[in-house]
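Paired with chain B in one complex and with chain C in the other, chain A is shared by the two complexes that follow.
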Partner chain A sequence: MSQPWARAAAAGADRERIAATPHSFGVDVWLRFAKKPTALAGLIAVLLLLACALIGPSLSPYSYDKQTLSLAGVPPVFTAVVAPEAGRYFYITPNQKIIEVDDQGRLLRQLPMAQDLFMEKRVSYRCGPQDEGLVYLDYSAAKPALLDEAGNPLAATRVLWNRTYLLGTDHLGRDILTRLMYGAQISLMVAFIAAAVNMVIGTLYGGIAGYLGGRVDAIMMRVVDIISTIPLTLYVILIKVCLAGGLVGIIVALSSVYWVDMARVVRGQVLSLKQQEFVLAARTIGSGTRRILLTHLIPNAMGSILVTATMLIPSAIFMEAFMSFIGIGIAPPMASLGTMCNDATEALRSSPYQLFLPALIICLIMFAFNFVGDGLRDSLDPQLKR
Partner chain B sequence: MRAYILKRLLMMLVTLLLVTLLTFTLMHVVPGGPFTRDKQLPPSVLEALEKKYHLDDPLPKQFLDYLSGLLRFDLGPSFKYTGKTVNDFIESGFPYSGKLGLLTLVFVLLASIPMGILAALKNGRWQDMLLMGLATLGVTIPSFVIATGLLYVAAFRLGWVPTFGVEKWQGYILPVLALGGYSISFLARLMRSSLLEVMGQDYIRTARAKGLTETRVIVRHALRNALIPVVTVLGPTVAGLLTGSFVIEKIFAIPGMGAHFVNSVTQRDYTTIMGMTVFYAAFLISMVFLVDLFYCLIDPRIQYK
Partner chain C sequence: MSETPLLQIENLTQHFPVRGRGHKVVHAVDGVSFAIGRGRTLGLVGESGCGKSTCARSIIRIYEPTSGHVRLDGQDITRLSQKQLLPLRRKMQMIFQDPYASLNGRMTVRALIGEPLRAHGAAESRRDEEDRILRMLEKVGLTREHAGRYPHEFSGGQRQRVGIARALILRPELVICDEPISALDVSIQAQIVNMLRDFQQELGLSYLFIAHDLSMVRYISDEVGVMYMGQLVEHSPAEDIYAHPLHPYTQGLLASIPVPDPSLARLQDEEGLSGDLPSPIDPPPGCRFHTRCPHATGCCREEAPALRNVGGGHAVACHLV
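Showing the complex of A and B:
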């Protein structure tokens, strides 16, 4: 094969040789998927997120609901005041407590209060190792300042990384990193279960409507039309109100309304598939409706079903976060990314990191699943490409 | 045409009836009933309360009463706030929500359509990349994240706009941006892909071959056709804006209907939840109906069957 257009030998083994290596369907899909950098990046992000969410909480030294009120509200990076003695630092929290920090950025303890000198707008704290010596917290100005025992301001500051809690603590002193991993676990679990249930309901509904056709189809699709004119958000909220329960309620609420799109997609697929010869063949040898639907039609429509299901996951996560954010989500002490965002809105001005960290994770999850869904759509079923 | 409109109106009424029935059923299967509080009420008080709100009537009668109330635009009393009716909540909230929704809709249309057109005309160039990158961000980032982010940066750190309240017009800037973010991105993407598709059609080539200027080709021939898919999704877009306002009104402390609805949900004020759901559904169904009529007007190919 030195010359590109040389004639192949007319006889022999080469004659019907296929030059390219043959691929199975799965390999083919994977190759097409891996060609898209966004899809691949999305897949890696999804796997990393899943690993963090599933394994992370058990590796963490903290638990998601353990409150350490004395160390509440410390951000991941903070500016601490340099103490008169070497190697010691003081951090003033948003609610004006003083936390002693070492030079590595480890949080040691909250300084015990000695006296509240409210006439001078100062609070004194014991700062020595044996509770000797005092520092004053002066809150007369807008920005609180620390004064040493003689009343001179401690002006020197240093930016430190929080070594005790890598991503800081929330308003109740819970470790944010652990809560993020735990919250992602709950959010992802809700989304996966809801997507799976919607997939099953939508596939069966759409499959039955499409295969039976005629009047059954007309009625079933009219029902779908009616459901889709009402905003689903309202119904998820109503169902959630009815069911009261936390986690189960939210899963049932999300599972019971989002199958409409899935039903439409599956019906469309089944409508075109049922005209094909293999269905006729199956009917000829006497297969029943159920068998044709479950073993012939639905497996053939699996590509678009999977794509639609993947796209359901980000919308379920979004919906869960939305409901938690308006205050009807998962009940404490459990936490999801949405409830973490909701908890943090009150302290947005003083501790924005408490909101932006979970919000960032929600965005990451949404991006990752959207990219994977797009990639799957293009590689599983090139005809679906819009 | 008239038959089509009549048929659609009938469908609308059926849908509305079903929505009411569904909402009514859901609100009556709630375990415990509306008067379950932390403190147990004495049976006689409970009985009197049930009598007052006609909850001791058989369910079908209650439903018919509710329906006849609906026909008179009477959504009933609130169970939680004595002396308040659901109508009061809607009347006090609708001006705010309506204004916010309308402003956002106008803003969404004015921003997304030019964005989509620009991206399609500059297909593959940096303008397209930039706009579509922004649009991808817009459809993936939840509105409450956009809202709180904007609030923190523009109101708290920079002090450009008031942090809450809509007494001044500047108060509307952030809510409109946050509420419209998703729709702008979605519509811009749709506009771009639909215009790109239209630009490849034969009649565009014909129009160019006739010697029309490029502006005229785009404005007269391409845009009119490319706008059709955008008009189709206007109904759902309005729905999205309406339900999206639940969180936006909460974040920016706007005393609109969304805020009342969320409040009634967390307070478990069943009649208010029911009344507002029916109101929202009726409003949305009529919006979708109007959009459909408009759709028939701009696309003469559509048959009214």
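Showing the complex of A and C:
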């Protein structure tokens, strides 16, 4: 007869076995991170942007400052007029120059002007392989129209992709794609350096203030209060004015200001963590302040540190773009997303793509980092695993 | 006892200032004295908030005692700086109440148990460290494969074993157990207490064993101290306190132990404890227990009773005994 209440047979060693396979902390974090589609998408976007920013410029045939004034202001996609000559198209630029385009969308040349017939409100341009033909640009109506040699309008049009400059050219005829890659490079560099510097300064400062407490904490946090009461933008601008222009100035300015938020977050975390029993246990064991701070407090505060840092990256990127936009950031001709936006405002109505593209990249970078930060926060907390 | 006791506490007092209330203080521990001999166990009991844990934390210098002396092995450690204290910490370790909160969730069991070795530079080499960690793990009833695990993968009892391994790896002489079993379920409590007893026999440890429950203390302790509102109200050899509890508070505590068989309820006719603890900021004058004592007299309200010996190592602080 079977015994319904017989003891389950378990050898001594088996009883204490844990069934799950062991993972290191890093692997665990990665597995949880990869489960989140938004976080993964953010990470892929960040990596792609990084690859574009680092490798892209060396693959591009153009440099960030090479101007081709004759081909300025051509968008990535445009509507061209079919020319009388077969396989040739004419594109009228916003400032009423005529650019000859082949059927693949390659920009060939700007047509040389023959005569300005201002009484008839038209301009004649030479065209054809040996400049033997003529076309007229009629600007009497709101929308300029092309006329052939006999004066009949060239009505047929075709939409073409710009093959010479994939994302078009700006108002000085520089390749926007190349400039975007340089701009992203600067943005990401500013972001990573500023975030790293702020993380180190803020974490140590906040950690020390929180752990030592008392008078040290009071004095250290008053310094933070003073720094944070000065409007951040004003402060960054002042630092920028004092320091030499360029990239280094921006990084120094951002690094010396943004750590205050990090210091506050870390201090708050440390204040609550240091009363936890595991920290008391470390003290009774005899671990020193350094060890307690570095192995107990900061790793446990890492979740909020990373979240704060990834929230800080977009705001640092935005601040760099903003400073470049108002003209105290990256000096021309170097490309930055901010200076590109600024350049584009002049021709906003006729060439909106010049503003849209850098703004899109700024948005992409900020979104990507926000998603990554979100995913990191969730995956760094092992308590959520259950 | 002719030799110096391992741990001797004299008039230990721990007050905490109260913020925003002028110069008022919380009287967490008020003039507690006791001694623990080598290889012996003192059980310290009392209800929540009576100052047992604070007492333990003042001894091991998590808190800076307001006044009084703590002597470890005859050496006064009360006013040593943390740096001077460091070598002495090897002799004195602590097991914490909450096995969930007392282990850092970001460290593996190997790192947790190895921390004391690293803090004191006790291991001769990496291999020696690893060896000692693994041996300790097996001693507390875990296996080698647990070394790479994180605390959240363990049950409460297993975590407490990790806590014990961490406290014992430096081979201390005194282990302060701050309610090591109250967070565990009953079936595990006995395992842990038995393990602590085995270690005591094997290593000659002394324990300061804190609990809020007299029944488990009885099993492990040589002597028992009862605390009420920061003061020691009764202190005697373990069996004596169960057979002849003298202080009305001790009697109340004993009466509150549930009895498995109601027909054997020997103390149920005695009164249990009623009423709440008075505020430790303004402790009642006289005997601190008089607000809840069924036998209180006028004398109890005015004069604080001293702890006095009534024979056989049994001391009690009550006017009526």
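Before moving on, here are some points about what is shown:
The rule is simple: the second predicted complex is superposed on the first by the 327 of 386 C-alpha atoms of A that agree within 3 Å, B and C clash if a C-alpha of one lies under 4 Å from a C-alpha of the other, contacts with A are read in each partner's own complex, and residues count from 1 in each chain.
Convention: a contact is a pair of C-beta atoms (placed from the backbone, for glycine too) under 8 Å apart; a residue touches a chain by one contact, two chains touch by 3 or more.
Model, not experiment: these values are computed from the prediction.
Within the superposed three-chain model, A:345 lies in touch with chain B and out of touch with chain C [touch as defined at top]. In the superposition on chain A, contact of A:284 is made with chain C only, not with chain B. Applying the stated contact rule after C-alpha superposition, one finds that A:370 touches chain B and leaves chain C untouched.
Residue contacts after overlaying the shared chain place A:326 against chain B, while chain C stays out of touching range. With both structures placed on the common chain, the touch criterion links A:229 to chain B but leaves chain C unconnected. Of the two partner chains placed by superposition, only chain B is touched by A:241; chain C is not. After overlaying the two complexes on the shared chain, residue contacts for A:219 are found with neither chain B nor chain C.
On chain A, the surface touched by chain B in one complex and the surface touched by chain C in the other have residues 386 in common.
Considering their complex, residues 13, 16-18, 20, 22, 24-25, 276-278, 280-288, 291, 295-296, 299-300, 302, 382-383, 385-386 of chain A touch chain C. Residue ranges of chain A in contact with chain B, taken from their complex: 226, 229-231, 233-234, 237-239, 241-242, 244, 314, 318, 321-322, 325-328, 341, 345, 348-349, 352, 355-356, 359, 362-363, 366-367, 370, 386.
Per the touch definition, chain B reaches chain A in the complex via residues 14-15, 18-19, 23, 26-27, 29-31, 139-142, 144-145, 148-149, 151-152, 156, 193, 239-240, 242-243, 246-247, 250-251, 262, 265-266, 268, 273, 277, 280-281, 284-285, 288. Chain C makes touch with chain A in their complex at residues 57, 60, 62, 85-86, 89-90, 92-94, 96-98, 101-107, 111, 115-116, 118-120, 141-143, 145-146, 148-150, 152-154, 158, 163, 166.
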